[in-house]
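Each of the next two complexes has chain A plus one more chain, namely chain B in the first and chain C in the second.
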Partner chain A sequence: MNTAELICPAGTPAALRTAVDAGADAVYCGFQDATNARNFPGLNFTPEELRESVAYAHAKGAKVLLTLNTYPPAGKVDLWRQAADTGARLGIDAFIVADMGVADYVARSHRGIRLHLSVQAAASSPEAIRYYCEHFGVKRVVLPRILTIPEIREVRKEVPCEIETFIFGNHGLMVEGRCSLTNYLTGQSTNMDGVCSPASDVEYTRHDDGSISSQLAGFTIDCFGPDEKAGYPTICKGRYTAPHRSEGYYAFEEPVSLNLSRLLPELIDAGVNAFKIEGRQRSKSYVREVVSAFRHAVDDIRAGRSANVADLVALTEGQKQTQGAFETKKWR
Partner chain B sequence: MATVTMDMNVDTISRAHRSGQTALSRLACLLIQPLLSRVVRRIADRHPSLFARLGPHQSTDFLIDPVELPFALHLRPDPKALVLRAVPRAAAPQAGAIIRGRFMLLLELIDSQVDGDAAFFSRHLEVSGDAEAVVRLRNALDDVDGSVAEETAEMFGPPGRSVLTALRRAYPNQSQGHSVR
Partner chain C sequence: MAVREMTKLTLGPIAYHWSAETRRDFYARIADEAPVDEVYLGEVICSKRAPFHEPDLSTTIERLERAGKTVILSSLAEVMLKRERKAMEMLCATDGLEIEINNAAGLFARGRRPHRLGPFMNVYNEATIAWMAGQGATHVCLPGEMPATAISVAAQAARDLGLGVEVQVFGRASLAVSARCYHARAHGRTKDNCGFVCEKDPDGMPLRTADDRPILRVNGIQTQSESYVDLLPETERLVADGVTHLRLMPQAVNMAAVASAFRAALDGRLALSDAEASLRDLCGGTSFSNGFYHGRAGYRRIASAATA
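Our next item is the complex of A and B:
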């Protein structure tokens, strides 16, 4: 049987240690700058922290994957190249990249280090994936969250690299790596600055009736009633009024998280080589709970037992979960 | 030691203004202040790295509001002039960011025993003001190894540990993020 690796998030060194101790096969993380898509305030690693973290992970048999999964603005590639050089010097096990220029630099400059293609590259067809494999030596592709399991099975047959899929966490898929909604409102880019809904532009207002409205750059995104669960202040999960929908509706997506705990055996059978848990912006508590749950599940499957994953709904956005397109294309 | 009544049925966010509250609040602040000063200095000494993650928000005034207690906490995490003081809500300073929830939830957030985003999703945690300041504070505290609550309890020996144990018994479901409304 294919033995899927568990790829886990870390926003801080403490979270990385937590993930490793909870059973991560590999942990992905980034530097404190625009080279990664979770460039959030107070999050991520200094080079010294990464050096110590790599040592910690390697001592416990886990790998460290460095996310360089944003797109350099034209002509401003130095930050990404320097980050790649630093990561290589510190002994990381693989780069996760989205931009072809970054992929080309890593492929030429750091031949001995594996190259993984980020979900931000939005490579979902065999043709696209093969292109990255042939030109940049990509060893693994993280698939966009838009394919059904039968489609993943077919893709796997036609590509010469490993496949990684998300199994839990934020489900803001849109057209991954192409979303410009934050840029439209704030001037900062999810794909080039690494900030989706920058915290500096977010404001919450509590109203007298107990409802709370969330705003981004002065635009109201949602208003949660007193007894409603809340979601992230992201435009794609906002609830809007329109001339034909005066009651307010989710125009793009809903506040909901992906949870594929029930589909793990099918995903392994389809040839998925690695399972990714989203959430570098989340706490150690989240990392501990989610990684532990999926570690047990994957181990159960490997041992031929049925997996019994702990209930994780309390950690999900809006306290709702979905199997998304993995189950059916009709999910929205 | 001051006795603080914790009403387990109080709404997470709203609170009634009762007569005599201000007097009780001032008394509670007076009694707890020496403890807070000692605790915050100890944490700063033992975890100096957390200040780097705060960046420009070392000078931000945070109001941490445990809704069922008779006072709020004013925090300014400036390593050169550290402030953690109990304040009556009516006399609270203008805060750059406000974090509001039940006491044990806030304590468990500091210790990363619960997830802040999940507490926000469930509406057990409210934030207002400068969201970036809140995110930086959360990430700074989340990178602290060990338990700030237990370190604090240890400072006071067996009585401190007993108080922490009693608090955890009083909030049996908090760490699951349920049943606090």
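Our next item is the complex of A and C:
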């Protein structure tokens, strides 16, 4: 049986130390700019912070993966190249990339450092994955969140690299790296700027009847009753009307989080080499609780015991969870 | 001849599930009346739809070629299932016609044989263009969300390597694709038992916000803009910046007349303001947008000096 690694989010140096202390095998993080897909205010690392964080992680036997997983717009490629060079100099253990130009640069300039293919590249077939492996020497692919476990098992047999899947956290609905919904409403791009439903464009309006509506860039994304907790206005989790759905419905998905804690043994059996926890934008206490719970679960499974994952539903978005596409084709 | 007159007009692949009969009539009219130079055929969005129009494909190709159009076959944007992998492999074995690849699975299958790169390939920059050119790419359609500043740099890089450069100038923007079918979901179905409900919405299913503002369109697994992109006022700058092909995406309007308006403006036979007015008339109440091009929110309509 393979020993699945636990890959944990680090939005800040404090979260990185928390994740390492809670038992992360590796943490992933990025710089404070558009070179990574969580380019949010107050998040991410300066080069000096990354240097100290790499030392901290390495001292405790954990790896540090650098996210360079956005798509540089023409004319700005140097920013991504410099980020790669800086990461290499600071001793990171792997790059996570999506853009082929960036992959090509890293593969040629930093041969000794592992290359992981980001979920943002949306490589969802053995052929697509093999393209990246053969041309850029990719060692691991992060699979899009659209495959069932039997499908993952089939992919695993046909690719020459390790595979990583998301197991917990935000549940993106769109093919990763192919979504410009945020740019359509706000003028900031997920692919080019690393931004999704930016907080600077979010407003909550309380109406006379006590109800609250959430808006993104002036567009109403959802409405909540006086006693409901108002959710964050992410476009693909919004409520809209259609010609035959005048009552309003979640056209894409309800505000739910991915939680595959019950499927871990099956995923390991299908050949998944690494489990990824989403949430670089989440708090230290969230990171501690989620990483600890999954650390125990993975250790139990490795030791042949049945895993008893603590109830994490209170930590999920809208306190609702899903197994998404992993459980059944009916999700599609 | 002025550069603008040499600029090619293309018709992108039909994004919607139009019936076989609608498609036959549509392409007959394009062949007879539309001043487009190149036509992209093929199902890009949903592999379940492909069997409905494959029987007519060779007739359509012949009809368009007899009318002097170059035909290019476009691939699926999403490749995951066995039938999708097979379809991509077969497309990439095509000889005699150009193909446009929209998924990395196609790059694997095609190898270094010549191919075009579609808008779903995420070719955002000169480094990726240089990589792709070395792998046999002859032409690139840039992603719809790229701003003018990046288009200009990318177009120059592509031209320097001998690649054609294409930008969508008309029709709804593709904003996202998913593994989940939102048309099926809206009708309480799933992708596997969808009943092809998407056929009821030839211009996409409109979504409105709770306060009744039009926002998006659903087309099966694809999410599109509510507005039609219209870069007619920007064509002069696009051409000056090195863009060689301008793409019109088929909408449920008179596309032959849309193409005529663009062609007449490009050739200087029609004032920009008149061409723009003609487009307005052709598209009824649908809003126009050009925000992406100007580096602003995509839905916005930024006034340009040319039409002010």
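General observations
Simple rule for what comes next: the second predicted complex is superposed on the first by the 322 of 332 C-alpha atoms of A that agree within 3 Å, B and C clash if a C-alpha of one lies under 4 Å from a C-alpha of the other, contacts with A are read in each partner's own complex, and residues count from 1 in each chain.
Note that in this section a contact is a pair of C-beta atoms (placed from the backbone, for glycine too) under 8 Å apart; a residue touches a chain by one contact, two chains touch by 3 or more.
The structure presented is a predicted model; accordingly, all values stated were derived computationally and were not measured.
In the superposition on chain A, A:K284 makes contact with chain B only, while chain C stays out of contact range.
By the touch criterion stated above, A:R178 is placed in contact with chain C alone, chain B being left untouched. In the superposition on chain A, contact is made by A:Y204 with chain B only, not with chain C. Looking at the shared chain after the overlay, A:L79 reaches neither chain B nor chain C. When the two complexes are superposed, the chain touching more residues of chain A, out of chain B and chain C, is C.
When the shared chain is aligned, no partner comes close enough to touch A:A88: not chain B, not chain C. In the superposed model, A:M100 lies in contact with chain C only, and not with chain B.
No residue of chain A contacts both chain B in one complex and chain C in the other.
Put simply, chain C touches chain A in their complex at residues 77-80, 84-85, 88-89, 103-105, 107-109, 120, 122, 124-132, 135, 143-147, 149-154, 157, 173, 175-182, 185-187, 190-192, 205-213, 215-216, 218, 223, 225, 291-292, 295-300. Of all the residues in chain A, the ones that touch chain C in their complex are 71-77, 98-102, 104-105, 121, 123-128, 130-132, 134-135, 144, 146-147, 151, 173-175, 177-181, 183-187, 189, 191-192, 213, 217, 219-223, 236, 238-245, 248-249, 251-253, 325, 329-332.
For chain B in complex with chain A, the residues that touch the partner chain are 13-14, 53-55, 112-118, 120-123, 126-128, 130-132, 134-140, 142-145, 176-178. Residues of chain A that touch chain B in their complex: 11-15, 17, 40-43, 198-200, 202-206, 210, 212, 224, 227-232, 255, 281-286, 289, 314-319.
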